[in-house]
Structure formats: C-alpha cells, structure tokens
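Note that chain A is present in both complexes that follow, paired respectively with chain B and with chain C.
Entry: the complex of A and B
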C-alpha cells in the first residue's frame, strides 16, 4: 500500500468525510482507523484537523478518541502539530472535564505534550492537583461505572500522579500543601482493611499507592512522607503476593537513594537478605540484589558483601556477571581494611572466575601495587589460593603477578 | 504507553496480537516467538512481571489463555495487570462467559473491543457500560447494512 499514493489519497479523503460527518459512531471509527494506521501522511493530513474536535461542543466519546488520536499523530510526527496559547489552555482545561473518560484520555495527551514542552503547560499542575484531591476525598460510590473494585477513577488517578512527576514539587505553597494532603490520604487508605477479598481490589489499591510513592520519591522533599512510604513498602516485603514483593523491592531501591529515607530503608536489611535466600523467582532475587546494592554504605558494607558472596555460590548464571561487578564495586568503595578487600576479591575470583572481567582483576593488582602494607599478605593468600585442586584462569593471572612482584 | 499486547494459548498458539508501535513483520514474529517461550516456561508461583530488553512484560493467565502486555519503564505494572483484567471482563460480558473458541471465531469483535478500550497504546474508556454500548452500536449498523444489501439482492431476484 505504501507505493500507491493515489489509493492513499482516496483513503484519506474517505476518512476526512467520516470525521466531518454528524454521526458520532462514524467519527469514532474514523479516528480509530487513523490511530491504527497513523503514518506520516495521515499525520500531515489530520494533525491540525483533530484539535477542532476537542473544543467543539460534541459528544464526549468523540472527544476522548480525538485526544488519543492526536496523541498518536503527535508521536508519529511531533513537528506537524501547532497549537497557539489559547488552544493549549483549552486542552489543559480538559483535565477538569466532568466526563471521566474524556479526562482520562486527555491526561495521556497532555503528558506527552508536557514532555516536549514543560513550561508551556505549567498550568496543568494546579488543575491536576485539584482534580486529584477531588477524587481522593470523595466516596467511591460517587463514580458509578468508573469505580473498579471499590477504587474510584483509578486510571485517571494513576495518570494524574504520572503527569505530576514531570515537574518538581510545586512552588506555590497552597498547591503543594494540597498535594501533600492527597498523598497523605493515599498512604492512610493503604492501612484500611480491604473491602473485598478479590485480588483485583488489592492490586488496584496498590497500583495507586505505588504511583503515589513514585511521586513522593520524585519530589524528594517531604521526609515524613518518604519515611511513611518506606514503612509501607517494608510491610509489602513480607506479603504473600510475589508481585507485591517484586514491586516493593523495586521501589525501595529508589527510596534508598534519597537522603531522607536511606536510614529507614536500612532497617529492612535482614528481610531483604532473607528474600535473597528464599525467593523462588529469579526476577525477585535480582531486585533484592539491586536493593542491597542501593542500601549499602560504610556501616553495613561488610555484612552485605558477605551475604552477596554467599549467595553468589548458588546464584543463577544470568545474574552472576552483574553481581560480581556489584560486589567488586561495593568492596572497593567501602573498604576500610585492605586485607578484607583482598580476601573478598580473591574469594570472588574463586567462586565466579568466569564472570570476573579484566577491569575487576586489574583493579585488584592496582590496589596491591599502591599499598605497601598489604603486599606480603597478598602474596600469602595468593599462594594459598593456588594450592586449590582446580584454579580459574583469572586466579592464576592475579597470583602470577602478585607472586612475581613480591 | 502499552507497546503491544499478545494473547496466546497454553500450547503456544498466538490468538490475538495488537501492536502500538510499528515493527516489521519479521521482528514481530521474532518477538512473539521469544516472548511466548519465556512466559510459558515460568512457574505459577512466580511474579507476573519480568524485564525483557528495555521493556517490562506483564502477563496473566486466564484458563488456557495467556494475556501478555509489554509496557515502558515508567508505566505502572499493577495497573496494567488490571487493564488486562478489565479487558477480560469486557470480553466476558460481550460474549457471555468467554472461552478461547469465542476469540478464535470472532476475533474481529475482540479487536473492536480493543479499539474502544485502548487506543494507540493508552487507555481510552474505562467504563464497562460505555465500551459495550459503543460495540453494540457498531453491531447495529453492521446489521442494518447487511439487511439493506439483502433487500437489494432480493429486489433483483438474486436471493
């Protein structure tokens, strides 16, 4: 079809007729067609026709398709979309649209536009916050068909939280306190007893919660919220659902990087190490390794490196290389005692010699060369390591150098 | 944004596929093959999420069918899991307790429901009622057109 330009013109003309028709079903189907094909020619033909549908007095279902259609064309060719200030203002105001479906698809569009041009769409912050607070403070029965397993308007909620993550914490004090209030309510809601035993209900509650935590981490300025988020995730680490443990480990990794919550994350070290030993899913174990790496500092480095070394002996081949690198970095970064460092590194080469890259063992030699006080110790343990019945090639290389020099 | 959605059976047969980014036929085939093998080899107690290249894969099994969704790094996994569930609910409501055969023989309807529910990789309409109404409206138009054609044929004495 690509080569047949005449054919394409005919198709585009037909779609245009449908878009201009009066029947909303025809318009919708035409929009869906544009989205599904959505190539450059279509973008050129329709990008500046579709915004009209967003402002016109037209049935809501058309508006929401039009928003997503515009989003698709914007992704195909961002340069063909031109909106003046008045039009951007009207698009932003779709956030306040009383029809939830329209607001939901509008958020997706605005999110993409914001990513391209954050300043021009700054107005959306206050609107998004006020919409969010309306949702979280009202009862789930207010939303009728948009309530999903007792959680109201969750798709919209999650998308609003995502949208806010495009900006730093709001400058305006009243907006910021309102947003913090919302996040606070969301964290409180997580403590309420479940309204249903269905897995969907708990999933969806946590979907919103995780997105709220993401926003808290992104803003990274409210220490009370951060610590509360961390405690909440700590509870999830012991949850029966593998999915929740997986996500909790992943989010905690981010929390560990914030100065406010780093200490709070460290309290869960024991649990995470247990996860490393007992989890049956390699994906979850991988997350646990990532988290241990993220929470490591001078105070707990020795323990963590020791645990990782123990685990490395039985670890899956797919994650070994990454683990070796992590152990090498941690022990190099937080080493106080160089004898300890050498012990760790030689053990590392012994356990997983195949996965030790050249940079790693070069670094060992560098340390030995620069530190006079450990040279004799290094020679001693290198010699001992060579006594083993089977020795890895990398071990022989390191030992050869050290024994040759000292 | 959802990158693609695949539906396949426990035997590894692809039932539905919806791509929201352009891919060549060859790479589609390759991705599908690899992904089906990966997902089928996972055990039931494992988590529903996995990392795959630079995407996140969220899957769930309903009876003999696997629903598998590829999303971007910044997307919410649990929400995607429930998006899948909502789609299953929609199919269920439309077909009246859906089974694999419904999807095999009425695949076009399943695609129409996709278009009403998810458009261009983003959620469009989360209300069950609205989606089903839109689908039913389409069905009515289709029926009417069939009727018209039939009556034209009858007038000509061909039917």
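Entry: the complex of A and C
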C-alpha cells in the first residue's frame, strides 16, 4: 500500500467524497477506513474534515466515530492536528452531549488532547464534574441502554474520572466540593450490599470505585477521603476475588506514598505479609512486595525486611532480582544498627547470591570500610558465613575482602 | 488503548486475531505463541491480569484475559484503560456473540469469522472502545445481516471483493462495496 502513492491519493480522494456526503452510512464507513489505516498521510489529509463532523448537525453515531477517529489521528501524528480556540470550546462541550456514546468517545479524545496541552482545555474540568455528578446522583434506570448490571454509564464514569486525573484538585471551591461529594457517594455505594450475585456486577461496580480511588489519590488533599479509600482497599485485600486483591494492592502502593494515608496503609501490614505467603499468583505476590516496599519506614523496616528475607527463600526466580534490590535499599535506608545491616546483607547474599548485583555488595564493603566499630563484627560473621559447606561466589568475594583487610 | 485482541482455544489454535498496530506476520505469530505460553499455564482461580510478554511491548502493557470453556479471550491494553472495565468489555463481547449466534461456540468463530469481525468493529474502533451498549451492537449486526441478504450479489465472496479492489478508480464501486471486506484486504 505505502509504495503506491498514486493509489493512496485516489483512496484519500474517495474517502473525502464519502465524508462530505450526506449519507451517515457512507461517512461512518469512511471514518472506519481512516481509523484502520490511520497513518501520517491520512492525518494530514483529514485534519479539517473530521473535526468539522464533530459540530455539524449530524446523527450521534457519526459524531461518536468521528471523535475516536480524530483521537487515532492525533495519536499517529499530534503535530498535524491544529484546533483553534473556538473548536476546542466546541469539543469540550461535547462532554454535555445527551447521547452517552458520543460523550464517552469525546472524553477519550479530550483526555488525549489534555495530555498534550492541559491549559487550553481547562474548561473541561467543571463540565466533567457536573456530568459526573449527574450520573452518580441519578438512579440507574435513567440510563436504560447504558446500564449494565445496575451500574450506569460505566465507561463514561471511568473515563471522566481518568480525565480529571490530568489536573490537580480544582481551584474553584464549589466545583471542588461537588467533586468531593461525588467521590463520597461512590465510596458509599461500595458499602451497599451487592444487587446481584454475578461476578460481572461486582466487577463493574469496582471498576468505577477503583477509578474514583485513583482520583482521590491523585488529588491527594482530602485526608478523610484518602483514609476511607484506604479502608475500602483494606476490605478488598481479604476479598475472594483475586483480581480485586491484585488491584487493591496496586492502588495501595500509591496510597502509601501520600502523607495523609501512609499511617492508614500501615495498618494492613499483616494482611499484606499474609498475601505474600499464601497468594498463588506470582503477579499478586509481586504487587504485595511492591506494597511492602512502599509502606516501609523507620518504624517497621526491621519486620518488613525480615519477612521479605523469609519469603525470598521460596520466591519465584522472576521476581528475585527485584526483591534483592528492594531489600538492599530498604535495609540501607532505614538501618539503625550497622550490625543488623550486615546480618541482613550477608543473609541476602547467602540466600540469593545469583541475583545480588555488584553495586549491592560494593556498598556492603563501603559501609564496613567507613565504620571502624563494625569491622571486627563483620570479620567474625564473614568468617562464620564461609564455614558453610557451599558458598556463593559473591559471598566469597565479600568475605575475602573483609577478612583480608581486618 | 487496546493494542491487540486475541482469541485462541485450549490447544493454541488462533480463532480471532486483531492487531491495532502494524506487526509483520511473523511477529504476530510469535506474539500469539508467547501469549499462549503465558496464559495457558495459569490456574483457574488466579487473577485475570498479567504483565505483557516482551514482544507486545514491555511494562506499560497488560494482558487481560478471560477463559470461557474452550476459548481464551485476551486483550492487550496499555495503562490508559481500566482493567476491570476491559474485563467487562470482554464479557460484553462474549455476550454479544452469544446473542448474535445463539449459544455461541468455537465453531461459530471458525465459520463466521467475518461476522465476528463486524461485531468487533462495532465495539472497538482502531483500538479504542466505541460502543459498549449491547442492544445497539446487536441492532447494527441485524441490520448488517439484512443488508447482506439483499445485496447477496455484491458481497458474495472474497473474489468479488478482490476484483472490486482492483477497479478502485471507480468511485461508485467503493461506495457499493462493504468496508469490512476492504479492510481485510488492504490491511495485510
């Protein structure tokens, strides 16, 4: 296709004819074609026609496709797409479109545009918030076609929450309180009993909830919401669904980095450690390790490092290297006592010598060289370590250096 | 964005493959093999997300899959999509197939691969989620079947689509031709 330029020009011309036609079927098919080819030439050729479709007076399904088509072209070549202020305004107003499908695809488009140029699209915040609150406060019967297992307009909700994550918490007080109200309602809804036993129902309900929690974490200013989110995630950690545990661990990692909720996350330390021991899926165990790393601070470092070392002995080979690095960093960062640090590091080398990189054991030696008071202790435990019947190469290297020097 | 949609059965036979980014055919086959290796050895009750293999694009991409009887449905998506949302999209896709084919089974995917692609195109447009309303999709699908019956002469077989493609300079031909046929031929 690409080699035949003449052919391509013909095709583009034909597609253009179709887009300019009055028949929605032709327009939609032409859009499909543009999206599927979706290369630079297409983007250059249709940079005017397709935005025009968005605010012409045509049926909704065409607009819906046009928004996504524009998004695709924007992804292939962002530089060829120029929208002036009037056009951006009109695109933003699609958020209020009464056809939910159109609004949903418009949010996807705006999300991509915002990522490139956040200031120009600031106007979308208030519209997005008001749309969100309309969805959240109305009952699910209002959106008959887009209600799926009692949750209304799932995709629109999720996308709006994603869109809002591009901006910091809104400055305007009324918008902010409205948004907080929405998030509050969403958290409340999670507490309601399930309306259906089917897994689909809980899945999509939680899809919205997780997105809401991500937004709460992103805004990072409402401590009550953060703590509530954390408690909710704590409940999920004990849920039967593996998927939920996986996502809960992942979101909690983010929560742990916020100063408001760090303490709340620490309450779940025991559960997380349990997950590490009992979880059957390596992906979930890896998230648990990540979370332990994120929630670690001076007060619980000793426990966490100890647990991680115990787990390392049975851990999967795929995640060992990462774990070794994490243990090394944590024990280095939060060490109160250098003897403890040396114990941990030598044990680490003994358990997973293969995965200990050079920087890690160089650092051990650096510590020993700089601290006179631990040198004799280091020599003692290095000697003991060498007594073992089988020693890893890295262990021999460290012990050789320490014994040789002191 | 969705990067690829793969459907294969328990013995690694691909039943539906749709890539939204261009890969040479050899790589596509490798991706299918690699994905099968990753997915097939997982237990029934582990979680439905896993980090994508090396071929499909490293850390930012995730495989989200569901296992129905003999078939695996796998979506490879980047971090801009909600995991549970995609999981739900798979369910919508399967339920739609079920409505369109009445008790869908693997054989339907083999013998009506064109129709499965139509349904997929109603749901996803170039890797982005277009429509999640099941009734809407089914309605479009029914309209399509009706049209097909009327125009049986035009879309009778792929050979006709090929000849139509060769006579591309006649604009009217393109208008008459079904776009899905056009797609399949020009993409690969």
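Here is the rule we go by: the second predicted complex is superposed on the first by the 406 of 406 C-alpha atoms of A that agree within 3 Å, B and C clash if a C-alpha of one lies under 4 Å from a C-alpha of the other, contacts with A are read in each partner's own complex, and residues count from 1 in each chain.
Operating definition for what follows: a contact is a pair of C-beta atoms (placed from the backbone, for glycine too) under 8 Å apart; a residue touches a chain by one contact, two chains touch by 3 or more.
A quick note: this is a predicted structure, and the numbers were derived from the prediction, not measured.
Peer 1: So if we stack both complexes on chain A, do chain B and chain C clash, or do they fit?
Peer 2: clash
Peer 1: Please work out whether A:242 is in contact with chain B alone, chain C alone, both, or neither, and reply first, second, both or neither.
Peer 2: A:242 sits against chain B and chain C alike.
Peer 1: Touch check for A:284: first (chain B), second (chain C), both, or neither?
Peer 2: both
Peer 1: Contacts for A:267 in the overlay, against chain B (first) and chain C (second): which applies, first, second, both or neither?
Peer 2: neither
Peer 1: Output check: A:40 vs chain B and chain C. Expected answer is one of first, second, both, neither. What do you get?
Peer 2: Neither chain B nor chain C is touched by A:40.
Peer 1: Based on the superposed arrangement, let me know which partner A:204 touches: chain B (first), chain C (second), both, or neither?
Peer 2: both
Peer 1: Please indicate which partner A:105 is in contact with in the superposed arrangement: first for chain B, second for chain C, both, or neither.
Peer 2: Both partners.
Peer 1: Touching A:64 in the superposition: chain B (first), chain C (second), both, neither?
Peer 2: In the superposition, A:64 contacts both chain B and chain C.
Peer 1: Which parts of chain A are touched by chain B and by chain C alike?
Peer 2: Comparing the two interfaces on chain A, one with chain B and one with chain C, the shared residues are 29, 31-32, 35-36, 38, 64-65, 68-69, 71-72, 75, 101, 104-105, 108, 145-146, 148, 154-155, 158, 162, 200, 203-204, 206-207, 210-211, 242-243, 245-247, 280-281, 283-284.
Peer 1: Under the stated contact criterion, what part of chain A meets chain B in this complex?
Peer 2: Listed in rising order, the residues of chain A that touch chain B are 25, 28-29, 31-32, 35-36, 38, 61, 64-65, 68-69, 71-72, 75, 100-101, 104-105, 108, 145-146, 148, 153-156, 158, 162, 200, 203-204, 206-207, 210-211, 242-243, 245-247, 280-281, 283-284.
Peer 1: Can you check the complex and tell me which residues of chain B touch chain A?
Peer 2: So the residues of chain B in touch with chain A come to 43, 45-51, 74, 76-79, 81-83, 85-86, 115, 119-130, 134, 137-138, 141.
Peer 1: Which of the residues in chain A end up touching chain C in this complex?
Peer 2: Contact set of chain A toward chain C: 1, 7, 10-11, 14, 17-18, 26, 29, 31-33, 35-38, 64-65, 68-69, 71-72, 75, 101, 104-105, 108, 111, 145-146, 148, 154-155, 158, 162, 200, 203-204, 206-207, 210-211, 242-243, 245-247, 280-281, 283-284.
Peer 1: In the complex, go through chain C and note every residue touching chain A.
Peer 2: Where chain C meets chain A, its residues are 1, 42-43, 45-51, 80, 82-85, 87-88, 91-92, 121, 125-136, 168-169, 171, 174-175, 179, 182-183, 186-187.
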